[in-house]
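First subunit A sits with subunit B, and in the next complex the same chain sits with subunit C.
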Partner chain A sequence: MEDLLARYGFLIVTILQQALLGLSLYFPLMTGQLSLASIGFYSLGGYVAAVMGTHPALAPLREALGFSMYPLEWLVALLASSILGVVLGYPALRLRGIYLALATIAFVQILGVLALNMPITGGAIGIFDIPQPFESRLAYAWFFGPLLALTLFFLWRLERSGTGRLFFSIRENELAAGAMGVNVTARKVQAFVIGCALAGVVGAMSAPLLNTWNTRQGTFDAAVACLAYVLIGGARSKWGALLGAALLVSLPELLRPLKDSRMILDGLVLVLVCVYMPRGIAGLFDRRRA
Partner chain B sequence: MIQAFLSLILVFALVVPALAGNVASPIPIGVAVASTSNVALFGEEQINGAKIAEAYFNAQGGVNGTPIKLIFQDTAGDEGGAVNAFQNLIAAKVVGIIGPTLSQQAFAADPIANRAKLPVVGPSNTAKGIPQIGEYISRISAPMTVVAPKSLQKALGINPKIRRVAVLYAQNDAFSTSETSVFQEAIKASRLQTVTIQKFQTTDTDFTTQVTAVLGAQADLVVISGLAADSGNLVKQLRQFGYRGLIVGGNGLNSPNMFPVCGALCEGILVAQAYSPQADLPINREFTARFEKAYRKSPAQFSAQAFTAVQVMVEALRKVEKDTKKRITAMDLAAVRTATNKALTSGVAFHTPLGEISLGREGEVNQKQFYVSTVKMNPGGKTGAFVLIK
Partner chain C sequence: MPLAWFLQNLVNGLSIGSVYAVFALGYTLVFSVLGILNFAHAAVFTLGAYLTYVLAVGEFGLNGLLAGATMPFKLPFALALLAGAVLSGLAGMAVEYLAFRPLRKRGADALLALVSSLGVALILVNLIQYLFGAEIYSFPPDVLGSLPPAILFHVGEGMVAMRTIQAVLFGVSLLLLIGLVWFIQFTKQGKALRAVAENPDTASLLGISVDTFTLGTFFLSGLLGGMSGTLIGVSFGLSGPYFGVAYGLKALAVIVLGGLGSIPGTVLGGLVIGLAEAFLPPELSSYKEAVAYALLFAVLLARPQGLLGKSAEEKV
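This part shows the complex of A and B:
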């Protein structure tokens, strides 16, 4: 058991982390908006934590705060992501469907180019030697676990609240929702910003987990991976992101004994899931309940 | 479901590090490089080199009679993959780890091995700050600050009239951006004039803008830092648009994978190398012969460095046995790891295919000799070789 936890500790934490990233996409999806921007905010949050954790000018602050430095990093990441989310959200969410997805991809690319060229982000090498709150990777579950529980609780409340119902009304029929007097753009931005803020905080928690932060964390590939969690897991349920992340992150690791052929089997499983479970893994449970 | 998560988290909190027993026989050494993803191109070369080393040193009797066994774990191309591979190797009770392939992966995974007090030898990590990650981290790959300027000096030796230099680099590649700053400083130090600096992406295929800028600036030397495929296309387009001067390539161009891309137009590119298959050393002759027999091509630098990494690990283990007068397999794993790290960084000289090297106290490599080669393409322009310039 101990051996197992030592070996798969990082994997378990990665599942929680990636599930949170998937959930950050679920918020805009509640209003029917397909956004790939989360990974950009994740990257931004990571840079915030990395810079605050390593910049020499902030050394006195770090010494004074001790462990409280980490919550402060999350807070700064949350604020930065929320503000940027609003600034990006208003123009972008006037776009619909594929155009919104494209605009958010462009945003991720812009952030990437900025990070590559700004001295403070360390260029392509990035920032390394980030201070560690925990020795064991598994202990990072203390960061991601409560955040995931909190997010799921928040979603559970949100889905039952008036705001949540407004979100769903836009997802089901934007035109009808608008006609009923829902301020469609404002609601879409609201859902989008919640997702951005979550992704930012996850990024800020992830920088110490990885020890290092660079532009490779916020690539288009990573954005597609996050989207895949939601789609494979089920886009219409909050459990979808969690199930999708658990499957997609753990599969290549659990197939490790198969050596090089593991990626083939990994791909095969994904194709089969897509073909036989068009509503995702969570969709499977829905049917059973009905 | 929420309660289930909370109880799961409580279980995590109770984890205690696994207790280590004695070292297994054959002695397990971990190799964590990329055998999948786009980094696999380099990772495969490393695996080939390491396998030759395993066979070669076991034929010699391994560690004073106890054979070694390499345990390969795929890191893929990302940081998370490297961390997972390292965790797996730590759990597999290896005495040391060779890897990972990329410097960025090293920054993520090496601290984990360092905390577990497990020696890591970086076979291809060339970024600044790698040995400084911790006491247990060292590398046998010379940092680019040392290697890169050698080719520039050679170019000036070939054509002393060179004055105007154009610098091109892949701005989304960590290695290339670091390397270009080394080149640019070396250019300044040689009192040459940098007439233009052009950036590109490793995914680019059309370099018209960059080539036009180079030709417009009337450069008589071009210095490129990029990866094999993009640099190959860049060289091809430079020549097609009529650039006639010398081309100096960084370490990314130090790969036969470039030849199919630029074909006959690869001819004459100058590359500084930490390794040359033509280096006339007994162990290198043995290594290249075995490698060519197994894979029907001459070894790339990545392969030779992986071989060297295994070699220094084996020689360090032998030294531990000699110093403690005990068999490795009769010793406690944690003690072997610490002693091996000490033996690695004791400054003793290793005679490797790269030439004579030693590791300083901090774990930084000290390599005696470097090589500058030029590309010679065979008729037909499909295959070629790096030929050592004497």
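This part shows the complex of A and C:
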């Protein structure tokens, strides 16, 4: 058992982390909006934690706070992501359809160019030697595990609350929801910002895990991967992101014997699931199938 | 503002901008017929560049599955460009068969089509990596035959250099644009295509096979994608199987800037972004990659339907 955990520790932690990123896209999807922004906020949160963890000017603060420095980093990442989420969300969410996806792709790209050019983010090299609270990688499950549980509990409550029902009403029919007096834009921004804040915190937790942070953390491919978790797992269920992340993160490990051709199969799985399992893995368990 | 400096940037901007426009038209064609963005278009762009490379140069690199293999023949560049583009068009048709048609037949969510096209893109890009390796390919300098590498013009006291490849980029793009507009506006098939884009149900009632014309649209889209991939590849080299991704994202900015689904808008958007990149002051050159996206944001804020787009009608 110990052996197994040591061997697959990183895999397990990665699944938890990626599932959280997938969930950060589930929030805007609750209102029917497709966003690819999470990876940008993940990258932003990571930079916040990396700068706070390594900047010499903050050394006294780190000494004084000890372990509490990490929750402080999460908080700062959460605030920064939320503010930026509102700034990005308002103009983009006034529009319908594909525009949000395109605006968020543009946002991720701009953030990447900025990170490459700013001195504080370390340019192309990035930031090294981010302090690590745990020695084993599996121990980071103490970061991601509770956050995942908390997020799922929050979603369970949200789906039963008035706010959650408003979100779903927009997903089912935006015009009808608007006609019923739902402030469509405000609700969409609300759902979007919750997702942004979550992605920011996940980024802040991931910087110590990876020990180094650079622009490769925020690529278009990673953004697509997050979206794939949700859609493969099931875009209409809060469990979808977890199921999708578990499948897609472990798939390369399972296909390791195939070496270079495994990414081809990865793409094939993506296509086949879309064609044959349109409601995702979670859809298979849904008794109220349409 | 010295005239030579202005003309030089104009030449640079127009040549790259016209290729952006041709590439982005591939997205526009599919979008105007299906209302969906084909995310595999960037992979077809990459594929076109690699295919033309193999046909024109006849050699493979060192670390793919086909390492060290040589083709039994070499085509002249113009012919290889055409053949590569036609093969890319066929790849575009395969994308429609694999990623779009099965979902459309079932009336699935548009988001799923987006993801399945991303899946096909993943397959294509990794297939290229598997066969060609991840290394950099660049076309040999004599690929254009005995043409001089650049032509110099004297303008006042300054000089304007037009690289031959820039002239090729602009010339080929212009021919493609003219051909496309002629096809869509003045042929019977083009008229049918416009009918399908306007309303597929009505078009099929009038005896137009929607499936055939959708397939044809994907062929045209792939053709434009593969051709522009080669043009960019000849100009800047093929920096690995992922080199199309950055251009693909930039082309998305182009179509939003011009107005989704509008052909003149896409052309204008491509030229605007190409010129904006060319006229960026040199001290900001490290931000060049962000120009297209910054313009996209500006347009989303000020004129969401794009420069030449019609504002979306609300259907109840």
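Assume the second predicted complex is superposed on the first by the 270 of 290 C-alpha atoms of A that agree within 3 Å, B and C clash if a C-alpha of one lies under 4 Å from a C-alpha of the other, contacts with A are read in each partner's own complex, and residues count from 1 in each chain.
The criterion applied here is as follows: a contact is a pair of C-beta atoms (placed from the backbone, for glycine too) under 8 Å apart; a residue touches a chain by one contact, two chains touch by 3 or more.
Quantities reported herein were computed from a predicted structural model and do not represent experimental measurements.
Trainee: Contacts for A:Leu116 in the overlay, against subunit B (first) and subunit C (second): which applies, first, second, both or neither?
Mentor: In the superposed model, A:Leu116 contacts both subunit B and subunit C.
Trainee: I'd like to know which partner A:Thr212 touches here: subunit B for first, subunit C for second, both or neither.
Mentor: In the superposition, A:Thr212 touches subunit B alone.
Trainee: Touch test for A:Met263: subunit B only (first), subunit C only (second), both, or neither?
Mentor: In the superposed model, A:Met263 contacts both subunit B and subunit C.
Trainee: May I ask you to decide whether A:Leu5 touches subunit B, subunit C, both, or neither, giving the answer as first, second, both or neither?
Mentor: first
Trainee: Under the stated touch criterion, which partner chain does A:Leu138 make contact with: subunit B (first), subunit C (second), both, or neither?
Mentor: first
Trainee: If we overlay the two complexes on their shared chain A, which of subunit B and subunit C does A:Leu72 touch? Say first, second, both or neither.
Mentor: neither
Trainee: Using the superposition on chain A described above, determine whether A:Leu58 touches subunit B (first), subunit C (second), both, or neither.
Mentor: It touches nothing on subunit B or subunit C.
Trainee: Have a look at where A:Leu251 lands relative to subunit B and subunit C in the superposition and call it first, second, both or neither.
Mentor: In the superposition, A:Leu251 touches no partner, neither subunit B nor subunit C.
Trainee: Look at A:Pro91 in the shared chain and tell me whether it touches subunit B only, subunit C only, both, or neither; answer first, second, both or neither.
Mentor: After superposition on chain A, A:Pro91 lies in contact with subunit C alone.
Trainee: Overlap of the subunit B and subunit C footprints on subunit A, residue-wise?
Mentor: Of subunit A, residues 116-117, 260, 263 contact subunit B in one complex and subunit C in the other.
Trainee: If you look only at subunit A, which of its residues touch subunit C in the complex?
Mentor: On the subunit A side, the touching residues are 34, 91-92, 94-96, 98-99, 101-103, 105-107, 109-110, 113-114, 116-117, 175, 220-221, 224, 227-228, 231, 235, 260-261, 263-264, 266-271, 274-275, 278.
Trainee: Quick one: in the complex, what on subunit A touches subunit B?
Mentor: Interface residues on the subunit A side: 2-3, 5-12, 14, 112, 116-117, 123-126, 128-129, 132, 135-139, 141-142, 145-146, 148-149, 152-153, 210-212, 214-217, 239, 252-253, 256, 259-260, 262-263.
Trainee: Would you pull the subunit B residues touching subunit A in the complex into a rising list?
Mentor: 1-2, 5-6, 8-9, 11-13, 15-18, 35-36, 72-74, 76, 78-80, 83-84, 87-88, 90-91, 103-104, 107-109, 111-112, 115, 127-129, 133, 171-178
Trainee: Considering only the defined contacts, which subunit C positions touch subunit A in the complex?
Mentor: 37, 98-99, 102-103, 106, 108-109, 111-116, 118-124, 126-127, 129-130, 245, 249, 252-253, 256, 260, 286-287, 289-290, 292-294, 296-297, 300-301, 304, 312, 314, 316
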